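Two complexes follow with subunit A in common, the first pairing it with subunit B and the second with subunit C.
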Partner chain A sequence: MSAHSITEPTDRAKWIAGGLVVLYALVTMIPLAWIMLTGFKSPADAISYPPKVVFEPTLEGYVNLFTTRTRQTDDFLAANPPQNWADEIVRQYDMVIVGPSKFGERFLNSVIIGFGSTFLSVFLGTLAAYAFSRFKIPLADDLLFFILSTRMMPPIAVAIPIFLMYRNLGLSDTHLGMILLYTAVNISLAVWLLKGFIDEIPREYEEAALIDGYTRFQAFYKVVLPQAATGIASTAIFCLIFAWNEYAFAVLLTSATAQTAPPFIPTIIGIGGLDWPAVAAGATIFLLPVMIFTILLRKHLLRGITFGAVRK
Partner chain B sequence: MSLSQMDRVAQATPKKVARRIKGLSDRAIAWIFVAPTIFLLLAINIFPLIWTIQLSFTNYRANRLNREVENIGLRNYERILTDSDIWLNMQATAHFLFWTIFFQVLIGFTLAWLIHRNFKGNAFWTTVIVLPMMLSPAVVGNFWKFLYQPQIGLFNYIVSFFTGKDPSSFEMLGSVDLAPWSIVIVDTWMWTPFVMLICLAGLRSIPDYIYEAAAIDRASKTRQFFTITIPMVLPFLMLAVLFRGIENFKMFDLVVQLTGGGPGSTTELTSINLKREAFEKWRTGYASAYAIILFVTVFGLASIYVKALNKVKER
Partner chain C sequence: MAEVQLQGVSKSFKSTKAVIEMDMTVPNGAFVVLLGPTGAGKTTTLRLIAGLEKADSGDIRIGGETVNTLTPAQRDVAMVFQQYSLYPHMSVRDNLAFPLRSPILKTPEDEIARKVQDVADVLHIPHKLDNKATELSGGEMQRVSIGRALVRDPSIYLMDEPLSSLDAKLRADLRVELKRIHAEMAATLLYVTHDQIEAMTMATHVGVLDEGRLVQFGTPREIYQNPSTAYVAARLGQPRINLLPVGLLDDNAPPGASQVGLRPENIRQGSGRDAVVVRVEHLGDQTRLHLKVSDHDVVTLTDPHTSLAPGQTIQIAPDNPVFFDAEGARIT
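Let's turn to the complex of A and B:
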């Protein structure tokens, strides 16, 4: 104890704390690890009892996720040898691959709508945040609170009039409609977070630039934007993750053309009976990018999830 | 221009000169910058809200376009507030809210308190713990459904491993007694890290010298915990509860995927019930009134809570 300051925990306290936290972390990872493992199981292994930790890995789940298949007669199978490794996997169930599944399309929709809405909300959010941060705007606090309060509405409650409005405007089940909707939802987060980031940039930099003959616009994009780059990047990732994960609006407002992955993944189970490996494969592919982004974001995580209310 | 140069120029610049700008005036730029955001929110949030209010006084049904729409005054509101089934949904929501917040605060604070010991590798393990919170709730709900399957599910297997119960003897999602807890477990798994992160920020905001002063005054560790740690973390903790409260009041995706509101309507939270009324039964006017009631409830509760939070902060 004597070697430590009063507030520094003892080595023993650190060991116990570390042990408990690691234990919690490992337990909390079990469901995620399990879903990733299940993606590499055969359907029989996936539902075996007791649950199998050791099994023969197969890409069946992934093949089933990306393809549609039909059962064929023995004659047909004998006459047409397997085309590739994926076809070979399917053959053990007397099936042939007849085409791609909808998963690729749905995933692409998620990418288009996610990136589209992220770009728009960060673009508009940066402008608004700059204005709120630097200029005197009448009723600024009320406006900012109004922007935040739009986030308190349950999505289903907003969905009723949006559904009617989109039906009249022809925006139902379109990429543009979803991009605009997710932008409207994300913009509150973008404005609040970016205002915090821009507030932290000293005004003197811009003022110096103005003296040097820059216009406000030039000062904004040549001085402020580069300084706010980290903040803009992390805001963008938060917006992207939200749009990527969103389910309620997607399930109500999209169906054939603009459906994103979250409403689609649960329906995979219906295609091939109890095809849990395919569901697990879909979930893995869908969740992995978010996990990577979370790790990249770890320093700004707190700020993002509290709308900038808590900054470390 | 390098930063140090800029600093020097900045310091030498009188404020009055700095305000002289070429091109558009500041006020014009301010409005040009803010207008698109306000416009978008008016179009996609406020206009729909006003429309919902208007619809809530009618018997409009969105699936019957030719039916005449009648103004029925407050009858929708009256029906909702006197409907005993809706009160059951409210109870289910309250149960979900109370227990998720209870467990998340308890476990989240404990974890933060442990991580604050700054053991080696704490940053790495914090990142690991945080992962579930960023995932898609719908997909999470979907794969927890797999874990909860009786007989084949991992959850039942682990429970039976430790308790010796037969894994097919209980159904987390299928039984009226267990289903409300199954959604609490998943939400707690997912969102405990959120409370943990905020508490950790609270703990880190307490300056060391306060503890040092307390130690000099021979305050015991327990006493320090209750008179320094808890009061100073409280505003952070309350903020975490506010966020979780609003989010879980709106809860839809996770629970829809897990239980679909069942069995019966034991886990039919208000959002799920609202979706049924609006998009399955197509009682648009009635559902609009329901939506307004929910919005007023969450807004009202949040405002009262924020007042309390500000009082705690001022102390």
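Let's turn to the complex of A and C:
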């Protein structure tokens, strides 16, 4: 390989590129590592300065995250010995566990709303994208632009009208309401991404299936869908990440019933203010589903983020 | 198998007229080849019959039944596309079985297995049945897509330049294969190509298309010997027919004629006008002579062992010429 080859980068270029990638990975991963470590610190270690890198790990944060506790008198504590390891941990603050916290419920809400809206966005998005890609639709370009334009406004700009609308419709603080809302926001992304993918699938496949004796829908289902799997997977990841992390609408529109994890986590209060280890524990658990989902679909994602521009 | 009839069929895409007032009958059991250059409307004609396009006007009948409003599935036609036609996410076996599993045919699995095996044998791909469709060579892919049509017993097989992406050897093999299949299965075929050899070797009938119009329809022999226009004459025959101005040779042209059409084999040597030999091509079984007659190129055939050399002058005269008027229409 000569130094000026256009096909193969030089060793020096590779080292520089590698270094940049490592640097970028560090920048993005240090906060994550920080959060994960903080979850295992004691409240004192969590706010100590300079920050402790080496510390004695404790599950206090996780216990506090999942439980509610009350302070008790010495007499009561003496009469009721700790039942398990979690009890032991809270005893050091003269407290007893009185029940589960709301975190489990909030987390479940996030799962229902996040995955529910992702499924709905991708389902409707695929059908719409297929129609836009294959059929002659009057004013198709304008419609597509209109669909995209719903994404241009910051969510907070429509939050008040939606809040009023939802109150009248009885959708405030319901799972259905949040699923519909996130679907409405995500559908533009889904339609545009998926249209790109479906445009790349030659029509001849469906035409062959039509002639082979299948209906339009069967051809779509049996021939187009399997080939759009890459696009569908990557679109699903994008939709899930949005719905999962969404904060503004969740704060405004949910409270007792359908509150998701993002507005809940910052409200975790411990002794003397915010319980940082519990917040960090909540954030860590909150990260897991999207991480697992992305890892499961990463093969598709890698090919998907080229937006079907490269043919295999 | 059934007769397919087109009556006054027209189709436009925006301002382009793809097919204009086409009348054509594909007789039951015929092997009809549509011939024409790119853009002549060959593929559109196939797609209209298949139901992938809707005609702007006119009637299409399959087996006597008007199918204008039927979906492709209801028309019971099989089609081989020029490319891209294998389902990439399925094995070869599933590709071949796909039409048989359709809700219209709902073939029992044991019968599917038998038919798939039969077709795979015919096309010499039985060892590839469990490959993924994407793991085949171009020739194998095209054989599988022909196979996907052959597993069925449709009213008509439509084939859109199925051999154009294959190499010469495979093309020749498959030509023979298709002809055999046509004979054995008594199948009706409508076959689109721009390769005149395919037309001449396989067709029972040839339809020549020019800018969306069917200019002539008949047996290959008829079209070769009695072309209705200069355009049709130029589409068949290798080397191409010589189209020369009237009076260049001693042709006894009828009044109104402006062009003389002379097949290479219809030029007599030994008497007539002077022609200078420009090039001699020895092809083994035949020898082509490229001649110059007062600035006009003329190609003819001669004795394979000829001793003629460039620069020599010979005399040539027409034999059975055909005449065309200024518009290219035949004058008899």
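Note that the second predicted complex is superposed on the first by the 267 of 312 C-alpha atoms of A that agree within 3 Å, B and C clash if a C-alpha of one lies under 4 Å from a C-alpha of the other, contacts with A are read in each partner's own complex, and residues count from 1 in each chain.
The rule is simple: a contact is a pair of C-beta atoms (placed from the backbone, for glycine too) under 8 Å apart; a residue touches a chain by one contact, two chains touch by 3 or more.
All values reported here derive from a predicted model rather than from experimental measurement.
Colleague: Using the superposition on chain A described above, determine whether A:Thr215 touches subunit B (first), subunit C (second), both, or neither.
Modeller: both
Colleague: Given the touch rule stated above, what does A:Glu207 touch, subunit B (first), subunit C (second), both, or neither?
Modeller: Both subunit B and subunit C are touched by A:Glu207.
Colleague: One more residue to check, A:Leu288. First (subunit B), second (subunit C), both or neither?
Modeller: neither
Colleague: Determine, under the contact definition given at the top, whether A:Pro226 touches first (subunit B), second (subunit C), both, or neither.
Modeller: A:Pro226: touches subunit C, not subunit B.
Colleague: After the superposition on A, what does A:Ile137 contact: first (subunit B), second (subunit C), both or neither?
Modeller: Touch partner of A:Ile137: subunit B, not subunit C.
Colleague: For subunit A, what residues appear in both contact lists, the one with subunit B and the one with subunit C?
Modeller: Residues common to the subunit A contacts of subunit C and of subunit B are 202, 204-205, 207-213, 215-216, listed in rising order.
Colleague: Enumerate the contact residues on subunit B facing subunit A in the complex.
Modeller: 1, 6-7, 9-11, 13, 15, 17-18, 20-24, 26-27, 29-34, 36-38, 40-41, 43-49, 51-52, 55, 62, 107, 111, 114-115, 117-123, 125-139, 142-144, 146-147, 149, 151-154, 157, 167, 189, 194, 197-198, 201, 204, 208, 211-212, 215, 236, 239, 243, 246, 249-250, 252-253, 256-257, 270-271, 274-275, 278-279, 284, 287-288, 291-292, 294-295, 298-299, 302
Colleague: Which part of subunit A faces subunit B closely enough to touch in the complex?
Modeller: 5-7, 9, 13-15, 17-18, 20-22, 24-25, 28-32, 34-35, 38, 46-51, 124-125, 127-128, 130-132, 134-137, 143, 146-147, 149-150, 152-165, 167, 180-181, 183-184, 187-188, 191, 202, 204-205, 207-213, 215-217, 241, 244-248, 251-252, 262-263, 265-266, 276, 279-280, 283, 286-287, 290-291, 293-295, 298, 301-302, 305-306, 309-310, 312
Colleague: Would you tell me which residues of subunit A are touching subunit C in their complex?
Modeller: Touch list, subunit A to subunit C: 202, 204-205, 207-216, 218, 223, 226-227.
Colleague: Show me the residue ranges of subunit C that touch subunit A in the complex, using the header's touch definition.
Modeller: The contact residues of subunit C facing subunit A are 50-52, 71-73, 77-79, 81, 83-85, 87-89, 98-99, 102-105, 145, 148.
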